[in-house]
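These are the structures in question, set out in turn.
Two complexes come next, and they have one chain in common, subunit A, joined by subunit B in the first and subunit C in the second.
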Partner chain A sequence: MSSSKRASTMPAGPKPPTSLASTLIIADNATLTGTNLITIGASTIVHPRTRISCVHAPVTIGSSCILSERSSIGFQSSPSGEDQGRGVVIENGVVVEIGAIVEASRIGEGSLIEVNAKVGKGAVLGKHCKIGPLCTVAEGEVLPDFTVVFGNGQRRIDSSGAQELKLKMVGRQVEVLRKLIPSNLAKFQ
Partner chain B sequence: MSKKPAKGEYIETDTGNKVSRKCQIVGSTNIILGGKTIIQAEVIIRGDLIRTLPSSRSASSGAAQSNVAVAIGRYCFFSTGSALRPPGKLFQGQFSHYPLKIGDHVYVGPSSVVEAALIGNHVHIGQGCVIGKFAIIKDFVKILDGTIIPPNMVIPSFSIVGGRPGRVVGEIPEGGHEAFDLRELYKTIKNS
Partner chain C sequence: MDHFTPYTYFQCPCTDNSISIRNIGHLESTRADHDDEDERTFDPKAPRANFSLYPLDHLLYCEICHEIRCPRCALDEIVTWYCPNCLFEVPSSTVKSEGNRCTRSCFQCPVCVAPLSVNSEAPAPTGLGAEHAGPAGPFVLSCSFCCWSSAEIGIKFEKPNSIFSQLAKIKNGGDPILSAKQRRLDREERRRDFSDASIPEDAQEVLPLDPNEQLDAEAQFSNLKSFYQSQLADASPASALGFGGEYGYGSPGALTRIMGLYTGGGLADKRSQSKSTPMREACDATEGLQLAKTNADEDLAKLRREGWEGTVSKEQRCEQAHEPHFVSDLRPIAALLRTKRSKRCKSCRHILSKPESKVQNTRFRIRLLAMNYIPTITIKPLQPVLPGQSSLLSPMKPTQFVLTFKNPLYDAVNVSIATPSQTPGRYSSKVTVLCPQFEVGAYIEDAWDDVLREPGEKGGEKERRRTRAETFEGQQQAEAGKVWESGRNWVSVVVEIVPATVGPESGPAFLTEGLEQDNSPMKEDEDILEIPVFVRLEWETDPAHDDGLGAPVSKDKEAKVKRELAYWCVLGVGRIAQV
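Let's look at the complex of A and B:
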């Protein structure tokens, strides 16, 4: 056990400034990096190995969101315009699945970003959008409410009217995950 | 005890599992490895997502509820960056995760994400695949690189599956099932 090896795996950077709700569940080995403000709302779940980066711009996450393992939230380069100055804003009830990369300016309420999907820098997603697995949304693209991106980038508008049910389901999922994932809020405050 | 083993990339268990020191296993008490399974670096296995809804069968028999979240058979191989996660759904108004069961000789390619309910024996999953929630994959199935298996899909035995969304595009030819044996692959992973 060489102590130098251990130290190299844990870069001792300064903690980013955060504004975290007290009912947030954030796993011990999630990573928050950068110097801008990270705001996370009530009852949100941050899984282990989630990366939230505020190196280039702030990150604001609403309440009852689920951010899965290995997902990456936040700009990976400097904002290229004044409208991107607010950084990433994720509204309430958004689910980000495993390995997704989110650099959007805004993700509307109740949206679902599936496994390994990528939302480009400055994109604006309306409410209840769904980005399918491995799908991409280009930089700066604007998607209206209820847009579904699927397959090889095909688009359609979801008119099923199931958005209330979906939000309820996310709420139930959050309730269960609250019990399963040990939170270490103090580490990030 | 007296001789300290050399420190390699893999931790070898008594049953021959080789687990990378760099893998990211959460909730290891709820994971069963059948033996001779290889888990490479940066593999995520979510054992903490256990079933929270008591199953009707165990409740009636009064047996102690097993907390297995991920059960893996023998000679499985999980490549770098893959992720295993038990699927979750809403059932009778309550959300719960359900166990992820994997048979023997299952290969999961690099950066694939598996949220299936059941994977049979001798299954080959390529690179960058996404196996949707509650998918059921039977024996001797080959899933091509970059395939997206939609949630709840059932894939019959001896199928070749590819595309987005995944469709059965072919059949394993006669005699082709020998290529699924992972014993040779297991031997190539050495603790250097």
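Let's look at the complex of A and C:
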């Protein structure tokens, strides 16, 4: 009996140039597309079906980040004006949840992009920000450190001082995911 | 606006629509209408109609009165109080004494209304046996949605449980709140100290703890209360009841009062009135006096310092007990308790609906839904609206609709429906029911019974008895006086509607005589075509199986009881296109 799976007959495009750390966990089903450079730091987790697109600009991801399923990182369309050339930079310890779209110029350390949230092109997020589920950050917006976007676009500054604890929790989550997600680093190098 | 779902609303017979609001301006006509009250059609557009119309699934049915019961003619009784967060069942005596909030650890975020969780501030223990060691304090209430935490208002807890009682003792900022009892003890302590030092009792106010103390609303109330209680006690040593502080039943004062009660009260009253001395008012913070702030410099400075982010929104303010202005004054909101209610018929006190008293159980012990007693009515256009076509009704163009009655009873029901030939209101459309009288078959739980009982007459044949005559163009046409389509327990009839011309300029299409033209602009939803329908049901039932759960067939024909039910319905057909 032949396999019921129908593989695409399209030849796979050229692999994008990458600079991947050796301790990176990247699932086989993740897709990296484009021609610009993709840099991913140490012990970052890239879930299956994560899309990283460097078609329009390079993407830089720090260490100990978690990029969840069906999240899209990188510009979805060609940037205009001043965003040209500047890529997407995600700092260390950032968690991008399922289905989130990140087109920001910079996402600060320890930020959390919740389920199906959207960060518009050229936005700059400070450190330890949290973008709530289904919330959007407009293009080019600049959020200060510890901003929480929640509910119907409400904003507040989180002064609970739990950022160290949260970074530690992300570290632990990374430790668990390392064991759960089979990595295929060689495919993307 | 283009999208419209046809609906059917039922009017509960409990509402008295004998006075129509529409006619308030025309008193004479109201009086004239009063005589033929039964004849008058129900006006679904009348302002009062909104209160008596319900979708079928909101209605109950009383088996004793044989009437439809709506939320307005059913009495609610609380079965259980429970916390929606921890599902703890709260006894009603506790609700009376403690209030309708959860007194355990269930709190709502004061910023966004998400539930708060108790978290430890300290990092989780690591190393050997870490999983057995409980989390160490201090604990905070934190919101996982907007990242608010009680640390922001300076509140931390020692224990992770019974947060409610811990919170009641801490002010925003961490200072302890003196409870009313503690305040009283404090006051008594001071009084004793003074009396020991043989200072006259009046000197108590000379040396207060802090007369300019800023009290919060609760502390102020408890101070005021205790002050006036002591004033009352001082003013009448043998209090108004005649029983003083020590319950002196045998005291002379009590005796004269009791004597006064029996002899007409002349003596005792005069004496007590003459004795009463003017009461002193509260004069400092320990007695509950708070001077209103004359200048708001402090608040203004805070406003300048913290800006818009530091103030609370209207929604956040409404949730709080004492309407604070600043985010720093917000307090976690204890979860509001919910209730499970049973419903009773107002006229016969028969229970209509009773849920299980256990919180976790979602079943009902008794639930007499109107849906199980009266036919459901659905309406749909005869010619289906094609995608891309406007669903609006075109004015003055006859349109046919299929009205389907589905019988939930185990007995066949004779249905008569009546509609006014023109719908009430300013824009009145013409309505014609092609078949106003028909019988709807009984509901049979097991479809096989029906097939087996009548082998000659197949159910399938009966199922599709259409009276339509298809013309050559393939257009369906309904025949007057005949049922359009019928099944085992359902019947469809055709209603023909000629929608009125609706628009700000055009006058009513069918102007009823006696009513002068109303040229006021069109009100909201006035373009919706609503048809009042009077439904009358007649059926014979076995009284033993009155509950509708018995066998459908009874051998004893004499035991059958004739039942009748009549009510108004409103069919929302669609919006009329404006010209």
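Here is the rule we go by: the second predicted complex is superposed on the first by the 176 of 189 C-alpha atoms of A that agree within 3 Å, B and C clash if a C-alpha of one lies under 4 Å from a C-alpha of the other, contacts with A are read in each partner's own complex, and residues count from 1 in each chain.
Here is the rule we use: a residue touches a chain if its C-beta (ideal position, glycine included) is under 8 Å from a C-beta of that chain, and two chains touch if they have at least 3 such contacts.
As the structure is a prediction and not an experimental result, all values here were calculated from the model.
Colleague: With both complexes overlaid on chain A, does A:V89 touch subunit B (first), subunit C (second), both or neither?
Modeller: A:V89 contacts neither subunit B nor subunit C.
Colleague: Quick one: classify A:D158 as touching subunit B (first), subunit C (second), both or neither.
Modeller: second
Colleague: I'd like to know which partner A:P48 touches here: subunit B for first, subunit C for second, both or neither.
Modeller: A:P48 sits against subunit B, while subunit C stays out of touch.
Colleague: Of subunit B and subunit C, which one touches more residues of subunit A?
Modeller: The larger set of subunit A residues in touch belongs to B.
Colleague: Could you tell me if A:K130 is touching subunit B, subunit C, both of them or neither one (first, second, both, neither)?
Modeller: The second partner, subunit C, only.
Colleague: What is the contact status of A:N116 with respect to subunit B (first) and subunit C (second): first, second, both, or neither?
Modeller: Only subunit B is touched by A:N116; subunit C is not.
Colleague: Applying the document's definition of touch, where does A:A21 land relative to subunit B and subunit C: first, second, both, or neither?
Modeller: Neither partner.
Colleague: Scan A:V148 for contacts with subunit B and subunit C and give back first, second, both or neither.
Modeller: second
Colleague: Which subunit A residues contact subunit B in one complex and subunit C in the other?
Modeller: Common to the two interfaces on subunit A: residues 132, 151.
Colleague: In the complex, go through subunit A and note every residue touching subunit B.
Modeller: 29, 48-49, 69-70, 98-99, 114-116, 132-134, 151-152, 169, 172-173, 175-176, 179-181
Colleague: List the residues on subunit C that touch subunit A in their complex, please.
Modeller: My answer: residues 111-112, 121, 123, 140, 142, 145-149, 151-152, 309.
Colleague: In their shared complex, at which residues does subunit A touch subunit C?
Modeller: Contact set of subunit A toward subunit C: 130, 132, 148, 150-151, 154, 156-162, 165, 168.
Colleague: Inside the complex, what are the residues of subunit B that reach subunit A?
Modeller: For this pair, the touching residues of subunit B are 24, 26, 44, 46, 48-50, 52, 83, 85, 88, 90, 93-97, 111, 113, 115, 128, 130, 132, 146, 148, 164-165.
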